[in-house]
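So that you can tell them apart, the chains are marked A, B, C, D, E and F in the order they are listed, and the count of residues begins at 1 in each.
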């Protein structure tokens, strides 16, 4: 426990976390500090490419085993299953209508790739290895939650606007394509490929992540300010309870599959995190009546900071404690 | 200079719906339009801004369409199928255009 | 398709004044507007362009506002308090809108 | 609030021609205009988008010009010399402006 | 031959090529993956600055000899001459009217700086040296082809809209100015200057090139999808035949001048490549009736990938075989 | 003297200065070379974050002493005081009305962070150490000059549009918040934090600065071209005389406080430099009748190049000569 606290404190005073806090603070102070949209997108492309490539190169170095397939299956099951838990939990904790509950549930079944990236950088910092193919698991977990949430809604008598065009869009979503593509490139070109571009995708990685989190702090802070009042205490409680619940379930899967401590920590992070890029866009199409001020604020304003600051160090600590790092 | 009557239709719509709108327009044989970026705005559902955003979810675009007056209703019907269920603002102005053969 | 009379007001104003303008609009209960980026322009005070600029100082934005005709004067009065002392161009067109209940 | 008649001219033109258009406008003593970015569009020559483009070749800009009605023809003549041989859409709306002394 | 194939295979599985392929694939799959215009321009500024600077620093290190002047003259002659060959070849292979033939010819006389950059990175990877001033040759070859093509058109009775303003624009074109300017800065500040900024312009270079090629793949793929039907088989054949023809002529010039194997390979690449930035913009002004769906698709959708994947390794292999590396 | 000249010449042929000159030249040649707004903003965010962080990490390494507080106070006094001198000097040298004099005075009391950054990179190049908290002083000097200038104007019977919203905006200005925030993050995470992200904020720093100065050259050159005629000889003289005057006063403060040679040089640079980001935006709100073609051109077109090319090497030479480096 003591050790976890000290790790959390350590985590707290990293440039990454503090950059996020700076962004939050600037937004609350109504500063006009802002990162241009194009630069934010450019950084996200960089991060997706780098994390995907490194994952693929890792797989090339260590070889593929059946755990990869099991992990992918686990990820898909989790992404389908977690929205059900979220949907039920929301009924207990909030008075949202089914549409908003379904929309929120979709977010929590899916994943946040930046939370994943932040977790890998914490693992790197502690020298804990993890399976490179976890980025593929991350990609696999992006979409199923949307289907699951729409099914939950239809079971409750609701109706989304989802059509085949939407499913096509979700599957060919830019971030999935880039992540998987970079993973494959990393896998094909391997360590040699990584060596060619490591001074681009490895060396400056942490620094870019700082600026990206600065931007996310700004966006999250502005969102929180705008939507004050739309979230009740119950919703906030959901945003804080759902991550550890998801993480615990993710851990069970990791143990069953036999992931390393690092891999288990990442599986926990994926299960605990909530989408804020792909799913919100899909929800605008599929469930236009659902309120962004609810699902975006919960995902980006409550759960993301929670995972970043408190969740990740706990998940890592728990995984290493149980599996041994 | 010789000008011709036309309608200028401006559809401000959520960015994730852009492709659906332009598909609907083309399906209705409206092949001329121009898409302009939008920085931010305010409406019944609050204030938003594109700054620092990665996702297209919270953002809009403005689709401007110059069209012959007799084709207006076709356009509006097509646009309405998309805009109806979603956030979107549709406005029409009377306009004049040069080179009517283009429309 | 059923349309309704409205006014389309376009206010091109210096970027550093944007927040003051939208605050004034909201204070006058005009909560619907959309902000478009501007690349450059020319006027009495010369030519300018946003390219390569870091500061917001030399730059403008275009605020587009669809409003019920009877609310136009309220809007113009609000906008004028901000535009009066500053650089800004205000134009109004007659327009038609779908879904009047939104305005 | 006192307003004055004006024309709102919108010229959507290929980006490589922008300087030629604004030069022609200024040569015709039309010194007030604003340039807006365009994201993409569709027309007789197909669909295009600025995304990921480095060259200005495939892209357009929108030049908006508020002008006194009696100066409209001068403007259109000037614009036409540039737009004539090139891709470009010119539309005119009736408008009202505040502060006519600026135009 | 065998060696060439193995080099080509090697080239094929580099992160650079695969990033381009990823972009193509994403575009064909209608993914919404896209690089913001500002980021794409930013990367192109970076690449032009870096390649120009390194070229200049190379000249500063190895000194200037008369080959520099000869190479510049050769480049200008090639840029004037290649459009004539392209123009004739297009008459044989396609049924384009003279306006479209002139427009395409202008592209193939000019050069693609990214193809050049990709070639230098292949040379670097093989440890083959080249003359630093080849970037100056690249800059010199950008514009003459436009004049040449307009002359060809007027000889065939056609008429462009070119005026002195256009020529001015072509010569002060941003990419030429940046390339030449960075070359001069590199030449003036030399190795010392390079040392100051090498962790910016050398170390991450390959990685930026990957992301830039990802973007080019996206743009090329979207262009190919859009213009399906505008290009006949004859046109595609032209896009594949013209590069080796140009490369062969470039090689002759290189041999006459006495360039090194690396320099000869780059001269071949310049001759083989087709412009897709400066010339298309000039064509919109000078020949508005020419169809971008023809010239852009040929240049970016056919010739660029051909050079990137197959051409460059062949040119390098031929040059080193003949001149000896 | 001789030594100063040789240092100035040395300074002159650095990639940084030459990049700025390239931008100027491209603008004068009416080249369409341009850096996208988003990329320019992205680079300025990078530079502010990096310089702030390094300053904070420097303080963490060397500890805080009372000089920090004294330097901050000195900076605030200078920022309040320099506009008075500028205001008087402008009355002697130009026939600007009080509004334009006040606007210009506000710029010269405030600071240019890029000039500061360029100076730190010259110090780094010469191996001269400086107090890390000088970035905090820079932040403290941004705003007071605006208040001072508005006070000068009201004393002369003029009247600005300043209200509490403006003061709020000035204090929460993006560049101040980012600079101070990064400084604090650097101070909290210290050398360990710096180590994590130094391959992002230290290694490529000089290179990014080159491209940023290229952009500033373009913007300054375009501004000079546009506003030809608005500046008389007297105004240009002011733009060249005010910097050394400010620097001399800054030096006196530095000597009284007991700064190191590097710190004194930076204090001189801050006093000598004129704002071109924060203050112009504030002037559009507070003094809409003041002409940007006067204050922006003076600040960015005259004083900035002067400091960059001639001023900085002189200030550094004087500071080291007097204090001993």
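Definition applied: contacts are C-beta pairs under 8 Å (C-beta built on N, C-alpha and C of every residue); 3 or more make two chains touch, one makes a residue touch a chain.
Since we're looking at a predicted model, the values are computed, not measured.
Touch-path distance (fewest steps) from chain C to chain F is 1. Using the mean of the Cα atoms as each chain's centre, the chain most removed from chain C is E.
Here the CA centre of chain C is 45 Å from the CA centre of chain E. Averaged C-alpha coordinates give centres for chain A and chain F that are 40 Å from one another.
Looking at chain A, residues 32, 34-39, 41-42, 199, 203-204 sit in touch with two or more other chains. Multi-chain contact residues of chain D (touching two or more other chains): 36-37, 47, 56, 93-94. Chains that are in contact with each other form these pairs: A-B, A-E, A-F, B-C, B-D, C-D, C-F, D-E, E-F. Interface residues of chain B facing chain C in the complex, by the touch rule stated above, are 10, 12, 36-44, 47, 60, 62, 73, 76-77, 80, 83, 89-94. Those residues of chain C whose C-beta lies close enough to touch chain F in the complex are 14, 16-17, 20, 45-58, 85-87. In the complex of the two chains, the chain F residues touching chain C come out as 34-37, 40-41, 44, 161, 165, 215-216, 218-219, 222, 226-227, 276-278, 280-285, 288, 291-293, 296. Across the complex, chain F meets chain E through its residues 13-15, 18-19, 22, 25-26, 29-39, 42, 125, 199, 203-208, 210-211, 214. Listing the residues of chain E that touch chain F in their complex gives 36-39, 41-42, 45-46, 49, 53, 168-169, 172-175, 177-178, 181-182, 184-185, 188-189, 193, 196-197, 199-201, 203-204.
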